[in-house]
Amino acid sequence: MSRIDGRTPQQLRPVTIERGWSKHAEGSVLVSFGDTKVLCTASVTEGVPRWRKGSGEGWVTAEYAMLPRATNTRGDRESVKGRIGGRTHEISRLIGRSLRAVIDYQALGENTIVLDCDVLQADGGTRTAAITGSYVALADAVAWARTKKLIKPSRKPLTGTVAAVSVGIVDGTPLLDLRYEEDVRADTDMNVVCTGDGRFVEVQGTAEAEPFARDELDALLDLATAGCTELAELQRKALDAPLER
Amino acid sequence: MSRIDGRTPQQLRPVTIERGWSKHAEGSVLVSFGDTKVLCTASVTEGVPRWRKGSGEGWVTAEYAMLPRATNTRGDRESVKGRIGGRTHEISRLIGRSLRAVIDYQALGENTIVLDCDVLQADGGTRTAAITGSYVALADAVAWARTKKLIKPSRKPLTGTVAAVSVGIVDGTPLLDLRYEEDVRADTDMNVVCTGDGRFVEVQGTAEAEPFARDELDALLDLATAGCTELAELQRKALDAPLER
Amino acid sequence: MSRIDGRTPQQLRPVTIERGWSKHAEGSVLVSFGDTKVLCTASVTEGVPRWRKGSGEGWVTAEYAMLPRATNTRGDRESVKGRIGGRTHEISRLIGRSLRAVIDYQALGENTIVLDCDVLQADGGTRTAAITGSYVALADAVAWARTKKLIKPSRKPLTGTVAAVSVGIVDGTPLLDLRYEEDVRADTDMNVVCTGDGRFVEVQGTAEAEPFARDELDALLDLATAGCTELAELQRKALDAPLER
Amino acid sequence: MSRIDGRTPQQLRPVTIERGWSKHAEGSVLVSFGDTKVLCTASVTEGVPRWRKGSGEGWVTAEYAMLPRATNTRGDRESVKGRIGGRTHEISRLIGRSLRAVIDYQALGENTIVLDCDVLQADGGTRTAAITGSYVALADAVAWARTKKLIKPSRKPLTGTVAAVSVGIVDGTPLLDLRYEEDVRADTDMNVVCTGDGRFVEVQGTAEAEPFARDELDALLDLATAGCTELAELQRKALDAPLER
Amino acid sequence: MSRIDGRTPQQLRPVTIERGWSKHAEGSVLVSFGDTKVLCTASVTEGVPRWRKGSGEGWVTAEYAMLPRATNTRGDRESVKGRIGGRTHEISRLIGRSLRAVIDYQALGENTIVLDCDVLQADGGTRTAAITGSYVALADAVAWARTKKLIKPSRKPLTGTVAAVSVGIVDGTPLLDLRYEEDVRADTDMNVVCTGDGRFVEVQGTAEAEPFARDELDALLDLATAGCTELAELQRKALDAPLER
Amino acid sequence: MSRIDGRTPQQLRPVTIERGWSKHAEGSVLVSFGDTKVLCTASVTEGVPRWRKGSGEGWVTAEYAMLPRATNTRGDRESVKGRIGGRTHEISRLIGRSLRAVIDYQALGENTIVLDCDVLQADGGTRTAAITGSYVALADAVAWARTKKLIKPSRKPLTGTVAAVSVGIVDGTPLLDLRYEEDVRADTDMNVVCTGDGRFVEVQGTAEAEPFARDELDALLDLATAGCTELAELQRKALDAPLER
């Protein structure tokens, strides 16, 4: 089968991870998976939410949003509507949980890191790009906080790395990293979040048209695991480069 | 391992499905999974949302909510807060998608069925109980609509059955149908929605503490599939009984 | 005149008061006035709202709501609409005031009790059923708080009992405890809240069609007073039975 | 007993009804009951809300609000808070019902009249002043609509007059038309709305401290009926004067 | 050119400034510019918003709103809509900034003064009338606070006076103090806020139809400066009169 | 005087206008004034808001927002807060008015163009950058609509060009195009919007500390007019280049 952009079923789109995009944020990444572009900023503040005060533990959370014209048709702003939609809530929570899976709260100390993931342009896979980019922004923010002595030099708040990718079955073929045109045609759509050592943080599979069988699920998990391994390598390379602030 | 209520790891809690609970709704079920009790009502109205008018196709959607004191500690009402939380949004969307997976929109015709799932008492697994009970309420509502000729007698809007169950890994052991006390101690928590023929509609697994390996995921899927098969049988039995309105 | 369900004008519908309905709440009652069913839970928390701190006095408040399909036609959820309607506000305030009429704040000490009244099924008289059931839930919650030493054993926060009933004039005849079909046809509609010793806590009469004369008002008050006396007796009996938690 | 402003228990405060206060509204009245001042405007528009279209019947509704500094302490604006409080809802609904009690919807035809009652200065009895003033504004608006042929000259939409007054028991004495200082000290507080022919439209009595007995209720109703008769006479006099627009 | 009300282009409408309008507020003014009537109340409270605590400095802010029928057509209440519109926000901010321009925060001490400007009737220039009237209410509130020793007698929180007027170009002629009918026909519309010594606090000019040239801008500024000087004189006279509270 | 970045008082920051930034929008520009970066997208839809239907005239509007970490300290999202702040409202309205000043609604026909201006990074002058960039996005969107025959080839909806710049007095010296550090120190702050032929669309000057005199105002207007002329030239150059979509 030939994909619309000529990729093989097992192939990621071109992925770029541009660190230090923002002059203000403690960590910031403009991540792109093909035409999907997400700006991820990590903001560090001393202190934690009220329910966590005095625990000696930190907190990491995330907010996801789309610019109104990130998509083909303009969507109304959630600020104008006065309420956040279910999809936005769902994705923000997914990103937060994914990043917290590699955080040692004790090592972080009573500091809070907020990840803002704003989709500047969407072409499928915005939540997985957001997780993959946010991890890098988070790593830069943690490094900054250690420099500033907010985190003790002896502590390592990051217990691993985390990346995410979408997979789906289109016309009977399992495909990695769906573009929007593939996504809308998929029978099954799955988002998989893995740690760098190949274990699962989140598996979210949805039958869009037909329910899926166990062997299809297995094939998708294989594809996603391989994709996440590749993304973990790209994250590592990006973080190995020096960061000019 | 002995579970707090003496069940084996593969055992469901006592499940009851009480049809015709409400005198007003076209379909209504009080479902209980142990101490978790959810009132599921199905409301049929002629016509569809604006974006679907003239398509000849129907629509099915769901709203989930908890009574303030369904839980051990009282929660603020979302109506009083003036906004719906992320968790509520997420679960409402999951229930709606799950039910739509077994609906033939053409056969339903331009009718809308809204499932309201209100948790009267919570003890873990409220979303899976809601899906399992809602399917039965939906089936009753569809039958009602055929009687009333809103749906043509020759059409069958339901293409299958759907049920859901939670699974998780507690102290290294995969367990079926977690109670609240088990849920809070689980390392991994997964909700699985299956059709009656054993295929998957939704698979949502989350690492609460440690990321999980592929073999753990496999064990959980096995457990959930068996649980859903058992629930499908209970749904069938409930629907076989005559319904007095 | 013969009423639709065969009652005499002076007759209540069958009333049931099921205590201990919820495993979580400190007091809980499923009350039914015929087909009207309201779940009333009483939640006790130590401490009082900010404006009352340090006064040595407690607080009792109430929230009323209807499940979307409690009525014949589905109503939109107030949480989804993002705002609470006038009717809901009005009834919540009425229930709160009615219960506070029999509370000695000093004896309650700096504790707060919230009554949640959720209408599971509506057939007229939901607010009066809610008040009547809430009183019993409140009594159980107060007893619980004394057991837990939140309230000193020597103090009696309840200064009396309170119950409520609706009355109205239908086709020229004053009727007690209106069902929905009677309520919509009533010229005058009145809700009366009485203490167990026959005094008034609230009297709310509204001319739905024709303004009403003083003698009609007097007849309605007579009817309501007798109804409340009967309800007070039912409350007493319910509370006399042992409560298994 | 001597009242703080020297009135007898049966005496109203000085009442003024200033018609034609606003150059824009079809009817407008600045009503004062002593230091309580309420601006009541009646706005006429052709057409009715959607749920009433094609019925041939009109609609009358009301909105009540207080300026932030109408009271002794500044209150937050409900527009700033983003939600309307329970008290505001309750009073708006009361005013609307009271005015609709004297409206013949068929005679009004498919026109809508909105009464806006804005309290410029509060000293007790704002809702009763609002009802009393609104009736006059409504009468002027109806007259305007007849002049403009929105209402047929042969039809009389007003079937009577309506006025309202507060009564209460202070230190054991029933008093008419309470000022704020009296209101806060009252054991029982009642608002009564009467038609000009002495029948009741609304009776709302609340025990603020002690429950009240039937004879107390009777005494309050006597007092209120007499007060409303006096107010009806003042309304008549105000409407007899020519209105310069 | 002859203006609709016979004024010359350089002439203000009749301006009245009625102090002590409200019995509750620390300062209150009913200001009218022709048929535009705005009630301005100044509320003094000890203490400042959280972000200013401990600074030794006070705060002055303002809220502007229109009654629903202040205008020719009834507008929906912002409290009912649940949100404040852009125009309201913009004007509230303008009034607040204008008054703060003549406040010495140190001299005010940690006190807050809130100006509420409620438009009772609108005929153009409501924001400029609100600023002009608010200054007088603010001066009375400051005087009250000095009497009550909230402000030390040796400190003078007011560093000057402030007034505002609208100007615009209608049919090619620059006009002072536009009525509504003039405002809607204006090509350019400008609001100018000046201190009593003739300097500018705010200049807000907007091309409604055609962009405007520098010489037109200059002519409007001349007109506005003269108008503000006249208003400052009227403010001075109003404040020179004794205030009976 | 030497500015922090070495500019002369009359010098703009480096300005870049990157057209065709988004693959989805009909017009899109990433504009930067030094470190201030704003993404401006223009979305064209057939049809107009309800109040304009059947008029034959089009509509242009704008929405402005900041990403949470566009600034030095993270700001809460307005979507999360559930309401749009006054500053956001004010700027959105300013941008919309500025662009409408150069639109011929008849020539545009019944089409709507929405400009979304999202600040990705802020360093002073975000609203003026947004106006300057939006004009270019609007021009591209108009060109697109003519290609698609939504606008007749014979009609020219753009009657001119529009650009904006900030000016202010810092330490007594009038400066063009303030950076954030200059802005916070400015005594007077002015935003000026000009058409390409040197006339004014908006003049908004605010005394931040001291009121300003007429000669200071004149100096600022001179500076701004020259700055806008320079920006108009940069807009012209950007639009002269071919656009690859």
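Residue numbering begins at 1 within each chain, and the chains themselves are lettered A, B, C, D, E and F in the order written.
Please note the rule applied: contacts are C-beta pairs under 8 Å (C-beta built on N, C-alpha and C of every residue); 3 or more make two chains touch, one makes a residue touch a chain.
Everything numeric here is computed off the predicted structure, so don't read it as measured data.
In summary, the chains found to touch both chain B and chain D are C.
Comparing the contact residues of chain A and chain F by number shows a mostly shared set, over half of all numbers used being common to the two copies. Separating the CA-averaged centres of chain A and chain E is a span of 51 Å.
Chain A and chain D, compared by their mean Cα positions, are separated by 59 Å.
Mean C-alpha position of chain B lies 33 Å from that of chain C. Multi-chain contact residues, meaning those touching two or more other chains, occur in chain C at positions 82-84. The sequence of chains round the contact ring, opened at chain E and continued through chain F, runs E, F, A, B, C, D.
Partner chain F is touched in their complex by these residues of chain E: 83-87, 89-90, 92-93, 97, 101, 160, 190, 194-195, 197, 199-207, 210-214, 217, 221, 225. Residues 22-25, 28, 35, 39, 41, 43, 45, 63, 65, 67-72, 74, 77-84, 88, 114, 116, 118, 120-121, 123 of chain F are the ones touching chain A in the complex.
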